[in-house]
Amino acid sequence: METLNYTLDKTEKKSLIRQIWDLAGRSTFIKLGVFIMLIFGGMAVLSPIWIQINPAIYDPIIGVDLSVNGSVGPSFKHPLGTDDIGKDLFSQLLRGSQVAFILGIMVSLISTTLGTTIGLFAGYYGKISDTLLMRLADIILTVPILPLLIVISGIFGTQSNWIILLILSFTFWPVTARVIRAQTLSLRERPFIESAKVSGISNTRIIVKHLAPNVLPIAFYYLTVTVTGAILVEAGLSFLGFGDPSNMSWGMMLQWCFVKGYVFKAPYWMIPPGLCISLLSFSFYLIGVGLEEIVNPRLKKR
Amino acid sequence: MKLRQFICIAMIFAFSMLCTILGHIPQAQAYQGLILPSGEKMAPMELLTLTPGADPTLNQEAVFIAEWWKKIGIPVTAKAMEKGALVKKIFWARDYDATIWYLGGERFPSYMQYYFSEAEIYEYGWNFMQYKNPKYDKLSSDWLTLLDRTKAQQSAFNLQKIIADENPQIPLISDTQLTAYNNTRWKNWINQYGGPQSFDSICAIDPVGGDTAKDILKIGILKEPDILNPLGTGFSDTWTIINNIYNGGMWNQPTALYRIAPGSGELIPFLADGELKYDNAANTAIVKLKKGIKWHDGTKLTAADIKFTIDLIKEFKVPNYKDCVDIIDKIEALDDYTLKYHLTKKNVNFYNKTMMMIILQKQKWSVIAKEAKAKEDPTKYISQYQIKNPMGAGPFKFADWKKGSYILLEKNSDWFFKDYTMPIGTGGTLKFDLKVDKILFKFYASSELRTLALKNGDIDVCSIPIASMDDFKADKKMTIVEWGNDWTDFIGFNCSKAPFNDPAFRKAVHYLIDKDFFVEKLQQGYAVPQHSVIPAVNQFWSDPKCPTYGAGWSMKKRIKKAVKILKKAGYTWESEN
Amino acid sequence: MGKYIIGRIVQIIITFFIVISIIFLMFRVMPSDPSSFLLTPSMTAEAKQTIRKQFGLDEPIAVQYVIYLKNFIHGDFGNSFYSGRPVMSIIMEKMLNTIFLSTTAVILSYLIGIFIGKAIAWKRGSKAEKFFVILGLWFYTTFTPWLGIMFLWIFAFKLKWFPLGGMITPEKWIFDPSLFEKICDLGHHLILPLITYVVLWFGSYLLLMRNSMLETLKEDYILTARAKGLKEKVIKNRHAARNAMLPIVTAFAISISFSIAGAVLIETIFSWPGIGRTIVEATLRQDYPLVQGAFAVITMVVLLANFAADIAYSYLDPRITY
Amino acid sequence: MDSVLEIKNLQMSYDTSEGPVSALDNVSFTIMAGEAMGLVGESGCGKTSLGMCIMKLLPGNAKITHGEIFFNGEDIVPKTEDEMRKIRWKGISMIFQAAMNALNPVYKVGDQIIEAIMAHDTIKKKEAKEKVSDLYKLVGIDPKRMENYPHEYSGGMRQRAIIAMALACDPKFIIADEPTTALDVIVQDEIIDEIKIIQKKLNMIMMYISHDISVIAETCDKIGVMYAGNLIEYANTLALFDNPLHPYTIALMSSFPSIEGLKTKLNPVPGEPPNLLNPPKGCRFYPRCSYTREICKNERPEFVEIETDHFLACHRGISWK
């Protein structure tokens, strides 16, 4: 990744985001990714509206359709059927969309911001701060994430999405930090940084004004890829029974399906959440790969 | 154009966040803001429960109970915790308002004493509800010394009535355990205590068809036992295996010298020969042993083995059996087949626990005990001792254990009780045919896979989830056995903390719990609502006349009744309409 | 080289020490009590205290920590709370099963991923490239347990081609089969989890290889090779792929170690008695020593794999000398 | 003398996401046996593209749209990749620009040369090795160094090794693409001398690509000047130096210090090369030319022989005739 040589000339007129958008428009991957993502965004928005139709039945946590006996398949009233106690699966799926979006995006925002900042500072200042931060990153990278999260979840005794969010954010930053640091190291030697240094601009200002814009495209790439990681890890945790039991994420839906013994009996219960998890993480990864091809010139067609 | 797209997506995110918040706004209730008689507004509380992965039913019960309690303005939320954390919070720290927990599993319900007596309120004690009632304490400790069964039963009913009226806990439901077996291979399963996988059932079943010698009974279990040491393990799945090697021996399969008939609560001799002779004045008991009982290696099981076991447990203070031996001052082997127990105090635990205790072979265990004494921590050593080849006097011998896959037991052809008929329950008899040649315990990681394996014929018998009931009912090859669980869920209140220190409040919230909803919805009919601390399946001890707190009522009626009780007790609301 | 290796070993030891210390501390501050799982009704208060004492939970944290480290240095991970068995023997037994499955899976998916990745990078811009990239991405982001369940459902439940999980068929092993039968049985059980693993993972190698290959193809020596009039196959395999493999070798060693850690989900779905499942179960039972031990072993494996990858890299790339 | 290489009206363009880029246009020249031809021009003017066209080593998005390349009397433009493979290195070989990366870092240098020989001649490895050893002596490297990896060579040695590699199959024609750019001056001189000597000794034809007209003047018999994908002037070295006709050539010459050390004023060419995505309709040098006329703007000048062996593409030159 040290070959990411995407530096932007200060004299270019278009803004960075604008440029990425212009290029993104040409990537099939990004278009497909955004398309899928918008569908799930729509689902997240639909969730509260759907609940308001009949809160007593469609609430994903406490709504129970008393007229239903046991788990039933799709019908007009319940587009995806109900679970074994008569709760609407469609409303659960919609709520899951919200959880996945909020968790995934928050985790990636926090961890990428953290990673970018740490990477910039470690790369720019070097010396002890660099060594310490990168050793810390190494240690975090050494520890396998899912088992670690299981252990931490077990330790907390009770799970909430906020705890999962925090843990994920603090385990995901090192990947970004490493790449950003490598990039910063090479940028630091560039003439425009040298000249900025000579002209007496403060270090913080150099980092914010000169370095940060140049590493931003890579940060964008990690921003999308981390969302995938966060969604998948949260789903895995929930599936294993370490998720937030007070909410209804997709992993949680699968877990309920599993503990109630409906996995091989009720495809309408088992297939949608798994498919949604996979599709949403797929969409973010697609965008990520599309972005990578843009920000990494070595992958560009000649 | 592209920038507009970006703004669009950003707006969708913002909107969805907003909607999320909107979607979580609670519904308006008729009664809001409960005010205690002391004039304070009731502080928000948590109803603790287990995570869905650990126990889905308990988890959902808490969610719905919290919802119902909200209807009369109690600010409650259900909170799921890992088991270890929950135990620490309720048993150790006592830092909670209300929790869902479960109890039972004992044929003789001695928990009536230790769950509710003031003596157990100390840290780590069993009375985590911190229920104090001197009258109850007196009655329950007396009850433990009553040897007369009728009197003891009446006394137990009185105890249950007090609990039912005072409501330090609210019993909820106990589920019906469902077990299915392959009837093309096996027949005549009996539903004995502990379910069809119990030692009794295995000893009594018949294979279908002729070639019985080749028949392997394949049982699917979920958790692989890690240790086959009866002194160290406390897990029911492990006990399913150990019972068959040792003739039973723990609370979930109480069979040793005697066993308890579930209907009458009487002792039936098993290894023992005839009635137990208790000398009330000297506080001693004499037990005779049947002659000709052999260990798996062919040596005789004698009184010396029993004496050795009790001495061993006393000496090493093995925690699992401590209360079995604590009441024994001294044990003598009068001859090879006669034992004399000297008791320290009068306590029915002698009948109900000591007589059901596991028996270890002196020859084998004296070697282990000797090794243990040399160790730094003998108790730890002996209770964690890895027994490669566990040996008992039971119907099956240990044959093979492939870690991670299976445990194999082989028939003990010299079993004393082969073709033995013994009275069970209220009148029936049970014949230990012992026609099973081998038992194969297969381990599965999930009940899903285990159920499928049963369907595919990979295993012969296992517990099945409610979800599979319809399938199995429709399957002619499968027979389903239902048996009532002797455990019950309950809500325990922290009786030392307002407002749960007020019996009226506890009574009011009891009225709000629709146990029938749990039975019908959560368990789809495969459960029974409980009204007494002792599950109804424990026929002899459970009081059938406990108040039902509005069985069959509608929620409206329940709310009305609860509000009435609370108003009478001086509770008010910030707003009611 | 020697100096570098010593430096790395010191680094590994320090990292390992930090990780196990953190794990230790995490368990000591957790709000739950392991003895809760050994509580049986009818256990007296004294008995409960005895159990706590047995596990050394009544000592102060500092003392526990010193004892823990001392034992660790002697290779003693303590005994499991749940079963009392030495943790090391449980872990070794489970680890073997996990390594058997994961390593086979990683090698297979690695070979498939590299083969396809190489081919599609060569055919840059073709429909096949787009197809495989999207396919690889899709499987890479598929939710593992879900795919496992789907495969079980289709191939084991509906079609009955494969067993429903587990590692062996006990019935077959009871009657002392020949070694060949044992291997066949093991293989039969291995196929479905293996396929799931491979399907899930080949995508990541495919993408890695493709990207690495695309970067390599831009190098001047590829042009030289073409100018030299070498055959396409020679250029693709001898020049491009050989160099593109360099970063993938590092990825390989690391992914073997991570597959061991990531086995949690697959092992749960397929009833595979491995270390991943052990971690989940041990965590649910608050079995500190077992979780600590398993975690320590996994971390060690990861560290050693990284180390091995570095060494292997230096052999494969003559430019690198430590 | 026979013409070994003859290029007629070569046109090549790259497909890019923004549209086709006309990288080569209207390129025609001939190299006779034994001759060394120099190609000069600013960076990005298509010199390397021309070299690649002759080798037919174009990237996937590049296409020869028009023209013929005769090598030994055969047109190689329609040849398939397989046929081309046989011509490469054996017929036409190349000394690459970036010596640093032209050698595969993971193989021994000797092996890489042997590989080239083995790909074309069916000889035993031992013989090939001997041949490489001879080549090493020829270019002035110790044959023992064959067993080393590229990173163990110094820059100059690497360039020599590349020359040895280019000579491995006794090619008829060598394209030297800026072989000395990355080297320091002294080594540069040595290498250039080396190339010159070897070329004469082996009697090969050579195309020497460089942006440094002085280097070319030293090495080559003929000089071609390229500008923005066009070959604008082609003549004998002496003729060109005596009488540069194209304004760009004139400007180019004056922008380099003279070899004789005469102090003339350096005149850098003002402006920037045109964007080849959308080249000027007429003469491509028109926007920077100081002798423009109306016709230059609209009509493209033909590449014609103005004097014997002196070709030119300029309206000014044509009008002179």
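Note that the chains take the letters A, B, C and D in the order they are written out, and that residue 1 is the start of every chain.
By our rule, a contact is a pair of C-beta atoms (placed from the backbone, for glycine too) under 8 Å apart; a residue touches a chain by one contact, two chains touch by 3 or more.
Treat the numbers as computed from the prediction; the structure is a model and nothing was measured.
Chemist: A-B versus B-C: which has more C-beta pairs touching?
Modeler: When A-B is set beside B-C, the one with more contacts is B-C.
Chemist: Could you pull out the chain whose C-alpha mean position is farthest off from that of subunit A?
Modeler: That would be chain D.
Chemist: If I average the C-alpha coordinates per chain and also across every protein chain shown, which chain's average lies closest to the global one?
Modeler: C
Chemist: Averaging only over C-alpha atoms, locate the centres of subunit B and subunit C and give their separation in whole Å.
Modeler: Distance between chain centres, rounded to whole Å: 38 Å.
Chemist: What's the distance between the Cα centroids of subunit A and subunit B, rounded to whole Å?
Modeler: That pair's centroid distance is 43 Å.
Chemist: In angstrom, rounded to a whole number, how far apart do the mean CA points of subunit B and subunit D lie?
Modeler: Subunit B and subunit D have C-alpha centres separated by 90 Å.
Chemist: Averaging only over C-alpha atoms, locate the centres of subunit A and subunit D and give their separation in whole Å.
Modeler: The separation of the two C-alpha centroids amounts to 51 Å.
Chemist: Can you pull out the residues of subunit A that are in contact with at least two other chains?
Modeler: Where subunit A meets two or more other chains at a single residue, that happens at 154, 156-157, 240-241, 263-264, 301-302.
Chemist: Two or more other chains in contact with one residue: find those residues in subunit C.
Modeler: Within subunit C, residues 30-32, 124-125, 152, 157, 268, 284, 286 contact more than one other chain.
Chemist: What are the residue numbers in subunit B that touch two or more other chains?
Modeler: 53-54, 82, 84-86, 88-89, 446, 452 - these are the residues of subunit B that touch more than one other chain.
Chemist: Mind listing the subunit C positions that touch subunit A in their complex?
Modeler: That would be residues 15, 18-19, 23, 26-27, 29-32, 124-125, 130, 133-134, 137-138, 140-147, 149-150, 152-153, 157, 207, 211, 214-215, 218, 257-258, 260-262, 264-265, 268, 276, 279-280, 283-284, 286, 291, 294-295, 298-299, 302-303, 306 of subunit C.
Chemist: For subunit B, which residues count as touching subunit C in their complex?
Modeler: Where subunit B meets subunit C, its residues are 53-54, 82-89, 91-92, 103-106, 110-111, 114, 120, 122, 124-126, 216, 218, 223-227, 229, 232-234, 251, 317, 319-320, 322-323, 326, 353, 377, 379-380, 383-386, 400, 402-406, 408, 438, 440, 442-446, 449, 452-453, 456, 458.
Chemist: Note which residues of subunit C are touching subunit B in the complex, please.
Modeler: Listed in rising order, the residues of subunit C that touch subunit B are 30-34, 36-51, 54, 79-80, 82-85, 90, 93-94, 97, 152, 156-157, 160, 163-168, 170-171, 173-174, 267-273, 277, 281, 284-286.
Chemist: Within the complex, which stretch of subunit D touches subunit C?
Modeler: Against subunit C, the touching part of subunit D is residues 55, 57, 60, 81, 84-90, 93-94, 96-98, 101-106, 115-116, 119-120, 149, 151, 165.
Chemist: What does subunit A use to touch subunit C in their complex?
Modeler: Residues in contact with subunit C: 3, 28-29, 32, 135, 138-139, 142-148, 150-157, 228, 232, 235-236, 239-241, 254, 263-264, 270-271, 273-275, 277-278, 281-282, 285-286, 289, 292, 296, 298-299, 301-302.
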